[in-house]
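Read from first to last, the chains carry the letters A, B, C, D, E and F; within each, the first residue is number 1.
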Amino acid sequence: MSSADNSHIECPNFETLSLSLADGIATVSLNNPDKANAMNAAMWRELQQCFEWIDSEPGARVAILAGEGRHFCAGIDITAMADFIPRHTKDQQRINEQLRLNIKRLQGNLTAIERCRKPVLAAIQGACIGGGVDMICCADMRYASRDAYFTIKEIDLALTADVGTLQRLPHLIGRGQANELALTGRRCEADEAQQLGLVNRVYDDSAQMLDEVGKLAADIAAKSPLAIRGTKEMLLYSRDHSVEDGLNYVATWNSAMLHQQEMFKAAMSKAQTPEFED
Amino acid sequence: MSSADNSHIECPNFETLSLSLADGIATVSLNNPDKANAMNAAMWRELQQCFEWIDSEPGARVAILAGEGRHFCAGIDITAMADFIPRHTKDQQRINEQLRLNIKRLQGNLTAIERCRKPVLAAIQGACIGGGVDMICCADMRYASRDAYFTIKEIDLALTADVGTLQRLPHLIGRGQANELALTGRRCEADEAQQLGLVNRVYDDSAQMLDEVGKLAADIAAKSPLAIRGTKEMLLYSRDHSVEDGLNYVATWNSAMLHQQEMFKAAMSKAQTPEFED
Amino acid sequence: MSSADNSHIECPNFETLSLSLADGIATVSLNNPDKANAMNAAMWRELQQCFEWIDSEPGARVAILAGEGRHFCAGIDITAMADFIPRHTKDQQRINEQLRLNIKRLQGNLTAIERCRKPVLAAIQGACIGGGVDMICCADMRYASRDAYFTIKEIDLALTADVGTLQRLPHLIGRGQANELALTGRRCEADEAQQLGLVNRVYDDSAQMLDEVGKLAADIAAKSPLAIRGTKEMLLYSRDHSVEDGLNYVATWNSAMLHQQEMFKAAMSKAQTPEFED
Amino acid sequence: MSSADNSHIECPNFETLSLSLADGIATVSLNNPDKANAMNAAMWRELQQCFEWIDSEPGARVAILAGEGRHFCAGIDITAMADFIPRHTKDQQRINEQLRLNIKRLQGNLTAIERCRKPVLAAIQGACIGGGVDMICCADMRYASRDAYFTIKEIDLALTADVGTLQRLPHLIGRGQANELALTGRRCEADEAQQLGLVNRVYDDSAQMLDEVGKLAADIAAKSPLAIRGTKEMLLYSRDHSVEDGLNYVATWNSAMLHQQEMFKAAMSKAQTPEFED
Amino acid sequence: MSSADNSHIECPNFETLSLSLADGIATVSLNNPDKANAMNAAMWRELQQCFEWIDSEPGARVAILAGEGRHFCAGIDITAMADFIPRHTKDQQRINEQLRLNIKRLQGNLTAIERCRKPVLAAIQGACIGGGVDMICCADMRYASRDAYFTIKEIDLALTADVGTLQRLPHLIGRGQANELALTGRRCEADEAQQLGLVNRVYDDSAQMLDEVGKLAADIAAKSPLAIRGTKEMLLYSRDHSVEDGLNYVATWNSAMLHQQEMFKAAMSKAQTPEFED
Amino acid sequence: MSSADNSHIECPNFETLSLSLADGIATVSLNNPDKANAMNAAMWRELQQCFEWIDSEPGARVAILAGEGRHFCAGIDITAMADFIPRHTKDQQRINEQLRLNIKRLQGNLTAIERCRKPVLAAIQGACIGGGVDMICCADMRYASRDAYFTIKEIDLALTADVGTLQRLPHLIGRGQANELALTGRRCEADEAQQLGLVNRVYDDSAQMLDEVGKLAADIAAKSPLAIRGTKEMLLYSRDHSVEDGLNYVATWNSAMLHQQEMFKAAMSKAQTPEFED
């Protein structure tokens, strides 16, 4: 049995997401195309549940985050927005305290994508707006079809974006460009997004994108999962720590995780892809 | 009265800067064109005074930083440089101590641009040299006319640049490019500057640039000032803190500053621009 | 005698490196072309010794890091890899402890390039693979011939890269691109490398590259060594500290290192290059 | 109904803990006195569940953490220790990876005490050993009866303590003393513990201690819960951040949470204790 | 003329403070004894002005911070408290924004004591309450008469203390004790304060205290001001940075400030006190 | 052969230090009693060499740092001080640059004590002055005879202490006390030093001290060296990092270093001391 045969694993069911697992690749699709995959309360919650499941399921080695229909994600569902505003008291400060906890919970919903130890590849077509941008900034790589566009919509809702874009985007595209996109809320088309570094590559259409992203995911799924997980951990750690701390951390990590046999197996098998335990 | 009608506000006068305020946009121009806007002692001091005024004036919602004449800024005025070298004693260590304080004061003069809670858009034509580069790195966005060029001149004056370029530039253009510009002091033309991410966009000439930057500023001035100020704060905070710290900070911030009514007003008024209190 | 006349200085000899010093420029070449400059135990050790020598030798003002033969560097020598795996005991945890120290020693070997107070310019042709990428990320600038290509090979050896690429690369090319290169181990050709910011410039062939990098090095060697060393220190410091810490540090630094006479000498001699003490 | 009347709230049941709630005070007791409250797998898990419940239950304003029987806590249950050692594979590196996750889970079990937004007062009699010390270091204050003693037992089990003592203890007693206790594993009696700052106060016996700690808890429960939660947040934040960051954070926090009416109510009612909403 | 003869220097006048300068010692006294030196708006503002003046006046080498009358300081003047609550708009979020700036301004008023480059010795008798504790935590050392007591009053005003105590106190007395004082608001008498490390020494009465603190100040004023300023800078820097950063910073500092002649003068004159330039 | 039988190991010889190794305990004595063990250039250099040897010698499990004769250490040898002042050029800035490197080298000499992975116990009698205080602050624990006293002498030499006291002392005794000792340079007698936390324990005389410190060292030498080294690493790491970073680091560390067999051996052998491999 191939190490990546996942036919025996049962995926959990979600109301707002579709999830499948095959050949080590978990494919998560936002699944509310009639509303352009706007994020309602259930979707926020389920995103976290879904990526925590992928994190814990050994058979899942890599994930694709996609959206059903014409648009990737229209951002937070405005009709659901009221759900996030506390109403349990009329006391302004206690409302504020609860609001802070609500925002932190929404942040945690998306951060679960980043915390998932398996790489996450976002595949984006059509609109990617507001909370959708916060979401894809948590992925490890981003790919787009030519019709994709990105908008940090929060500013046009009189909001300071608070679920991750302002923290993560500047690490992708540099601070000058991030400032402009965040302060103006203007559209950024797929080609510009690639040039800025927001997406890794642009494909002609959605079908081609999903095909190519699937190949990339398959390529990653064939590599040593232990090494892939370690690499993701180090890339994230290095974002928030000094180089010296990062070097010390990876030396400590590898003293535990460096796998001599897999290393030699990999080194020996240039011709065909070696198989690794999950 | 429109919230951005500033006709009743009197701007302070400066010796080396011209300052005007209209429709929520403060326009600051370096105003010593005969010397290519070289920065003398008065200009350093007045830049801080000017941006602290903009910070505190509710009617100012966004600022443009420009330069009169053919060149944006020739850098520090060498004839004024002697003013920054302490002469009150012959004691070398006390000179050193005072020199350190002088440098920190100059740094503070420019950091006032960054600390100004309203976004600052730099509009650059012709030469932008030495201290001029330190200055524009404190702005939130940078725009250039095609004839603009940038030089980290300090290295050719046998100086380690000490008023901000070495700290801020790498966040804009990545470290490999920043290293080269800083260690060689070579010219970087407008088109390359855009490609590197140093400027956001290049325009054919100065007139077109000022026109377009004015439109951008007007666009920002029309948005919720509260959300704009929060967004700038978060972008700056995230530069110097981990993502986790940044998320915690914005959650705390928004528990105080998220403005439900403005949010709903903004959400409802897709067709026409809503008006916000300062 | 010109300040950069180095004819009287004797360079140390190395088994795996060739080192020469002329006109203030130290040229280090990986010198095992028959094995594509694969890094064996001696080369790791000697890289540190060599750059510590350059750091301490006043006559060396700038360094070029190149590779003999068709390829810059094939990465760690797999036949030598066994040398890095501890065998002094069968006790797994003591092996782990020693392995951690071995990795830290290898990290230190490369970090010596970064710690060298003189700028290091890498000149890369042909393959630059695995440990070779870790190595060039320690340089201050990177230049390539058109046939160069880069591969973060570790992932295909079932390894989490642990000698610097994952910590330093994202500062050069942004996190989205760094993630893809590190997680897929795919080839990145010279032209793409330039576009991403991994290399500063691409030349038609190796000869032209060495010629032009030599001119750049000569340009840097002619500048004030004190200012060059200060600039490198600040660029590195700013990578790992907040802007505020960086500004305070450079003010303190320059209170000691700012050299009034050299500054005036430099300011006065626009026409011809001034000469500086080492 | 008094704001601290909790008679209507039902507490969850636990296997290894007893939990009660009265007058705003949640009392958690380790409840396996026959084994000196040694921490088995269930107790680790339930500690987290219990303190997450206290965190989320508005009626709980403060918590007491105590132990049934003669001893507070004998540390990790050695017979349960095998549960924490991964056995799902013979692959050493995958065991290591899983072991790391297990340790982080145990850490998280105890960190829940610290993350609980309500103050936690530990009341300690008899032995407090190994994991017991890790546990009480997560509390906000510590009180002891005269027969209490403390031992960082891990070192005598050939272990580097890994669930919090080495990180948190030095903040309580200074580094010189923490080093000795951690490296020798020697007993520290209650009186010395008070002198070092490990416990806040020593009482003659367990009954007196519980009585006095109960009064302290009642005193805290009578204060504004909003202010108490904010104070705990700031004390924790300041441990891990610079003073400047801490000041900025609390200014942002209080802009949301400062409660003018409660402040005036408190200021006016010096004579009798004012009542506050949860 | 002795280097510490200050008879020619004119001190600024304040409404709420008395300030004198003699023999290099600036003595600042809170001067509103009828209200137990409660801090009104003028006192907050003037504290900053006063310590900025001391910082900039070369003739002042050390400062004593005392209080006129029976009590050191009763904390913020409640009748003045309304001045700090914004009333310029009814918009809750804009009030919040302004409140945050007001708190930061009050923080800055006290931080000026810490930023003053000359050591500050607080001399405390009677009550030291609320804002008074925030204030003395900014001093470098604290001395008390036996009748002094300390209360973190904020918690009993339903407030999260926000002008420095929660950030600075734990560095003085350890976290366990700081937590208790902050969460209970209980009185801490002088003798306990000394044992905890909050004050350096307790004297029998106020007269003796002022006499002895005056001698300590005179002792400090007789030392090299350059070395004193450097020592204070390093002690503050080390609080907020790693040991490694601190070592690097002081090496850079001393390369500028180490004064060979003063060092030899000091080394040679064991018998009598040497005199130093300001 | 007992694991701690070191009779076959030859210790290096030093000019200014005596070094012996027996039963796993390396005893280092400052050995220039005629000059009260004043630190000359050789002693600085040899301290580093000695502790690097102890770090690398598996047979050494713990170290004692003592001083021959009546006094522990008189601090830097003033007659040797001139050796640290650069004289290779008259250029002030190049002198400054070299001075900075000299200070960093001296810092590194002492930091080697801290970096030594084996615990270091300082045993102090008589005078411990200036550089001697810097030195003992690098040890893990400090013990004193009753006649010992401590002076941060640098301030009386018109110096900002620059080799570690200002960075490390506040972590031992709190900031209020550290400030006073550093700014006044006053004597701190052994008993006060214990009360402040500067020394762990005071003994009646030097002989008793050495006897008891020897027993403590023997106790540590009998424990698992792997666990001892890990514990020291964590205690140091936690000083310079947040609790969260520290927890993550130790989890990663122990995933490599936790030694199941030694743990069970230790757990089983309560009665007699188990023996561990180096």
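Convention: a residue touches a chain if its C-beta (ideal position, glycine included) is under 8 Å from a C-beta of that chain, and two chains touch if they have at least 3 such contacts.
Per UniProt, the chains are A, B, C, D, E, F = Crotonase/enoyl-CoA hydratase family protein.
Because the structure is predicted, anything quoted here is derived from the model rather than measured.
Asker: For the sequence-identical pair chain B and chain C, determine the rotation angle of the Cα superposition and round it to the nearest 5 degrees.
Answerer: Between chain B and chain C the superposing rotation measures out at 120 degrees.
Asker: Please determine the option from B-E, B-D or B-C whose contacts repeat those of A-C, over half of the contact pairs being identical by residue number.
Answerer: B-C
Asker: In terms of C-beta pairs in contact, which of B-D and A-B ranks higher?
Answerer: A-B
Asker: Any idea if chain D and chain E meet via the same residues, over half in common, or different ones?
Answerer: Interface between chain D and chain E is built from largely different residues.
Asker: From the C-alpha centre of chain B to that of chain F, how far is it in Å?
Answerer: So the centroids are 49 Å from each other.
Asker: Calculate how many whole Å lie between the centre of chain D and the centre of chain F, each centre taken as the average of the chain's C-alpha atoms.
Answerer: Distance between chain centres, rounded to whole Å: 33 Å.
Asker: Taking each chain's centre as its mean C-alpha position, how far apart are chain A and chain D in Å?
Answerer: 35
Asker: Got the chain B residues that touch at least 2 other chains?
Answerer: Residue numbers touching two or more other chains: 92, 96-97, 100, 173-174, 226, 239, 241, 252-253, 255-259, 262.
Asker: Give every residue of chain B touching chain E within the complex, in rising order.
Answerer: So the residues of chain B in touch with chain E come to 89, 91-94, 96-97, 100, 226, 229, 256-259, 262, 277.
Asker: Tell me, which parts of chain D touch chain B in their complex?
Answerer: The touching residues are 241, 245, 249, 252-253, 255-257.
Asker: Residue numbers of chain D touching chain F in their complex, please.
Answerer: Contact set of chain D toward chain F: 78, 81, 85, 96-97, 99-100, 103-104, 107, 111, 154-164, 166-168, 170, 173-180, 182-185, 196, 239-241.
Asker: Per the contact definition, I'd like the list of chain E residues that touch chain F in the complex.
Answerer: The touching residues are 119, 140-142, 171-174, 197-200, 216, 219-220, 223-224, 226-228, 230-235, 238-239, 242-244, 246-248, 250-260, 262-263, 265-267, 274, 276.
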